[in-house]
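Order of writing sets the chain letters: A, B, C, D and E. Residues in each chain are counted from 1.
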Amino acid sequence: MSRGRFEAWTPAIGAIAFVALWWTVYRLRLIDPVLLPSPEDSLRAIWSGFVGGALLHDFLVTVRRTLLAFAIAVAISVPLGIVLGSSPKLYRGCEFVIDFFRSTPTSALFPLFLVILGVGEATKIAVAAFGASLLILFNTAYGVMNARKTRQAAAKAMGASPGRVMVEVTLLESLPQTFVGMRAGVSFALVIVIVAEMFIGSTDGLGQRVINAQAVFNMPEMYATIFGAGVLGYTLNLLFIVIERNFVHWGGK
Amino acid sequence: MSRGRFEAWTPAIGAIAFVALWWTVYRLRLIDPVLLPSPEDSLRAIWSGFVGGALLHDFLVTVRRTLLAFAIAVAISVPLGIVLGSSPKLYRGCEFVIDFFRSTPTSALFPLFLVILGVGEATKIAVAAFGASLLILFNTAYGVMNARKTRQAAAKAMGASPGRVMVEVTLLESLPQTFVGMRAGVSFALVIVIVAEMFIGSTDGLGQRVINAQAVFNMPEMYATIFGAGVLGYTLNLLFIVIERNFVHWGGK
Amino acid sequence: QDKVKMGLFIASSAMPYFIAKERGYFAAENLDVEGIPIANHPLIVQALVKGDIDTASNLISLEGANINVLRPGTANYFSINCQNTTWRLEAFMVSAKNTTIKTLKDLKGQRIMCAPGPGNLFVAKGVLKKIGLEDGRDYTMQEQQMSNHIGAMQSGQFEVAYSLEPVVSMLEHRGIARRIESGVIATHLLGRPDACAVLAGGVMSDRFVKERPVVAERLARAWAKALKDGNEDPTARDLLNKHMNVAAEIAQTVPLSRYFMVRDLTPQQIADFQKLTDLAVEGGVVKSKIDVRTFLKRF
Amino acid sequence: MSVRAPAAHPASDTPAGADRPHITIRGLSKRFGEHALYTDFDLDLPKAQITSVFGPNGCGKSTMINMVAGLVPKDAGTVLFDGKPIEQTVIGYVFQNYREALFPWKRALDNITYPLRLAGKSSAQCAARAEEVIQAFDIKFDLHRYPYELSGGQQQLISIMRALAPHPEVLFLDEPFSALDYEMTLFMRDKLQDAFRATRTTTVLVSHDLEEAVYLADQILLLTRPPTRIAEIVPFRAPRPRHPETLTSEDFVDVKARCLDVFQREVRKK
Amino acid sequence: MSVRAPAAHPASDTPAGADRPHITIRGLSKRFGEHALYTDFDLDLPKAQITSVFGPNGCGKSTMINMVAGLVPKDAGTVLFDGKPIEQTVIGYVFQNYREALFPWKRALDNITYPLRLAGKSSAQCAARAEEVIQAFDIKFDLHRYPYELSGGQQQLISIMRALAPHPEVLFLDEPFSALDYEMTLFMRDKLQDAFRATRTTTVLVSHDLEEAVYLADQILLLTRPPTRIAEIVPFRAPRPRHPETLTSEDFVDVKARCLDVFQREVRKK
């Protein structure tokens, strides 16, 4: 196997090791098999769920909600993060609200969101967008604050307007950190969408599926769904890894 | 008011604006007061809770759990993050597992944790430590990967062993990002502790208080507790802001 | 067709909604009822207050009483689910491996897992108190989410549980645990094994009843038909697994509560409801004393 | 091809508008902690001339031109360019730490055209101007690489080209040749002189190479150790274009000796 | 006080062990993308001598010493120090981008003593050695500041002092005086020579100042443009200590002219 090929496979190693560990725990009966089913059973449940179409549908619903929430979050919080990050004083002013909401469980805020937005689809997306926004905002702002100032000064010297400096320099300068924020954000959006599907109530989505499987004590199905959520999260992250690797080529240089 | 004094007050502005907004919404009856109590009522509930001691006790219990979970998370994931970040190939290998679990709602993993660790105190702390670890690990590793390599080369040239390079250079080089991770981590640990208190059998803690208040529809009490949690989260973050400001003086220079 | 939004708490007690929907009882009344699943009762209450939903199929009576104290008229019960030793929805369970515990009195010295929420805790503790066992002194009790009951029992983390259907049936069916006693609320708190312990029921908001009285009436008519099927027609159980998260293995045997339209309640049953509510007030889980008749709505 | 501006002053080899101040610095003050670097510092920089700034390490050369260019906040004082504030002035700036001033996300070529894009030039105009500058500086290495793929000297070259590309009104050069090789340094000095002759851009050059400082300058600004004051301003009026022979001219040797004298006196002072 | 090592070779002004190779480079290859920088490059660097490396920008000077010092991976080839690998050798290294090589979390003084701490020296020893170096270099500015609070030249000085502090066996200097002022450059040259005379540390000096390169060197390594080869190695055997007068000696002028000749021939080659 060539080295290049090997490198393409490294990401799979983690997944394989993870399933192997699961399988070992199962085989050694370290955990009662009623509580932790075998990976085979779970994978079979995934397979039949996807073929049957029910899991596929829930999966797609959750993907849609997550991406929507994430897109809203990015659109709001990357620009805001750059503005706040450029003015540490302003950021300190908002810090309370950001940290406050970052530190409050979203599930505890569901009542508030429901009050404001009602019980529809909007709430699930809004609450996920809100949660993800905070993370992205926080990371972007920090990326900007910790970015070296020379390049911004250079652009300023060349006569770039403050707006252009922000977009063309500050944004890019903070991009490695912003990517960290976006990856954290997309995972978080997914988590909240699922939690909302679990705790607000829903007729579809992976979260609803988890809670239903749990209610009827169908452990293979439950773990299959959780596994599906995890893989979805990893895939979304993978997207960013690929974009980042091709785009932020200068990180660490 | 001197400028220095004014600066010390900026963080409070956010808090004041937040409460003002709440109060306005309440005053204008934009939301039925049964669902959103007045800030006064909530603050009164906080006050009487603290004076009566019940809220204070729950508060301290949650603080204890959070700090314990956070300490465990830092102890595990900062070193691990540095090691993984130093070897991007290794990191790619583990990325699946990290992103997988970052993208799975912790509450969906409760059953698994309960099976492994039982229903005791340990589970709540472990599950929070686990969640916070992932965030800190992820941020630290990225901090290391995106850190410029010249200083590490310099230390290496001076004959520093790989271990010392990691501790004395790489760690410090990635510290601004690690701090971002730690702040994200401490908030997240708090969130999970509260969620665990809500959903894993608990007799105390802010989470249990929230859910009980909600069950009997005692909204002032519920929002008072959530507010307490948010303020706690902000305070923990504040600690880091202060440490960071005094310690990471070179950020952005 | 008139549109009605109905909050659903997905559990077997939401069965009338699914019966009415599937069997066309709503349609027959020219109603378009949209079922909105809401995962916990306080959120159902919120939605009622805000007007996001007009009605709910199965709101816990404790929540109902509480919100009616705070904001009279929010949740008007028009149907009631009764449970007792015949219609057995809750039970004290003991691990199948344990052979010594036979009656509630044997629970002395045990760690007990309890269905979540202050209401369940209050009931479980109240029952044991009647038996003569004191919390903290004779036993300890910890709430657990229902979804954890089977796991915690199976893995031996708890030997004893105060649990609710359908978990109770599942525990029995799988041979994980056996019943010590069921219908304890009726027997011990209300004093008669055949008392009507009201845990939940269908509600309508004041606004809905006032603004659309005719629609409300038609809804009640459809509902009454559904209740009848639920009480008498075993084939209705097919819906349990399909819509209400009841495992197929027990869907045909799991006990169900008995549904009554409020107009069909006997004075005794209303008195039972009042007594349970009063006890809840004493126990601190309902804010203040309230006459249940103020929120019972006959159609 | 020369680095000549399309629409510049007519080239002339006697300083046009000589000694008419272009940049006026008044009451400039700057402190770092307890150390006062500048206190109430006044300076006029003449239009259409090259002013070399010469002074010991840490005397505040970089800080001064940073403040003049509006990149570092002043504690007090005003700086005007022909009476206008910095915002209305097109400047070119070569940073002492040229490595951190290039944009690593842009290729070398795009770094050079960035100020042109800022000025709203079209792609074609940018490409044309870039080609002009590349020709003028006779660049042979691959400009499609990213800055971090270039050697130190190459990066510095890009930095200089970027500063010159938009035909600035004022040019600030902070040790612009420090990383260039022997040949390139000589070459760049002459190119800079050519550009200056063509455009008469007011230029401020910080250099530690006295020969270079004098060779290029119309006047040499000598600074003291901090707290920094003007030690002396030495004019050097040799006609342009100056050649390697200028280096041996009597005038040059005199001026250089005078500068060195003042510098050493100031540096060795207590 | 001198920068003399406590336990060094006896000072002698004729190269000790002259021409005995200390660093042997064999079959070194390095490419960046399609550009081959070095292919099968061999070089011996003699012990206890100063080798100046002189070559055009981008010819691979930094890359070479980085590879020799083990900081940049080689594509192929071996580098040995007295037969030992780099890991067993104490080296001092001054980076071309000195700004990014200092530790901003340590004060200037602690930056200087860092390699001593690495070698396991006590605080007292560190302080003593730091004092020695500070005295030797006659440093007057505040060493309790952080690197980012220092001017470019001051940072470079710290970088040099840090490299010299641990009495390295081999010293790599990549344009170490590029940011120093006129006086300081002259001063540092002499200090470097003093240190060398005292310790006979094998030294590799990259410099774009030919005068400096020759003045300090025992031999000058001239490199071609990439693909990089050795153009010539020119020895310069003037006795040490060398003085400003050395600069006018016939030998010096000859060697310098020879180097310039080779350099220009190479640079101008197609």
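Everything that follows uses one rule, which is that a contact is a pair of C-beta atoms (placed from the backbone, for glycine too) under 8 Å apart; a residue touches a chain by one contact, two chains touch by 3 or more.
Remember, predicted model here, so these are calculated numbers, not experimental data.
Between chain C and chain E, the least number of touching-chain steps is 2. Chains A-B form the pair with the most C-beta pairs in contact.
For the pair chain D and chain E, the fraction of shared interface numbers is greater than half, so the two copies use mostly the same residues to meet.
Here the CA centre of chain A is 49 Å from the CA centre of chain E.
Look at where the CA atoms of chain B average out and do the same for chain C: the two points lie 37 Å apart. Per-chain Cα centroids separate chain D from chain E by 29 Å.
Residue numbers of chain E whose C-beta contacts span two or more other chains: 97, 100.
Those residues of chain A in touch with two or more other chains are numbered 31-32, 35, 111, 115, 148, 198-199, 214, 253.
Residues of chain C in contact with two or more other chains: 40, 42, 46, 50, 147, 151, 155. If you check each pair of chains against the touch rule, the ones that pass are A-B, A-C, A-D, B-C, B-E, D-E.
Those residues of chain A that touch chain D in the shared complex are 148, 150-151, 153-160, 164, 169, 172, 175, 248-250, 253. Only residues 7-8, 10, 36-40, 42-43, 46-47, 50, 52-53, 146-147, 150-151, 154-155, 170, 241, 245-248 of chain C touch chain A when the two sit together in their complex.
Chain contact summary for the complex, chain C toward chain B: residues 40-42, 45-46, 49-50, 62-63, 66-67, 70-71, 74, 113-114, 116-119, 142-145, 147-148, 151-152, 155, 157-158, 285-287. Within the complex, the chain D residues that touch chain A are 66, 69-71, 90-93, 95, 97, 100-105, 114-115, 118-119, 146, 148, 162, 166, 172. For chain B in complex with chain C, the residues that touch the partner chain are 32, 34-35, 110-111, 114-115, 118-119, 199-203, 211-212, 214-218.
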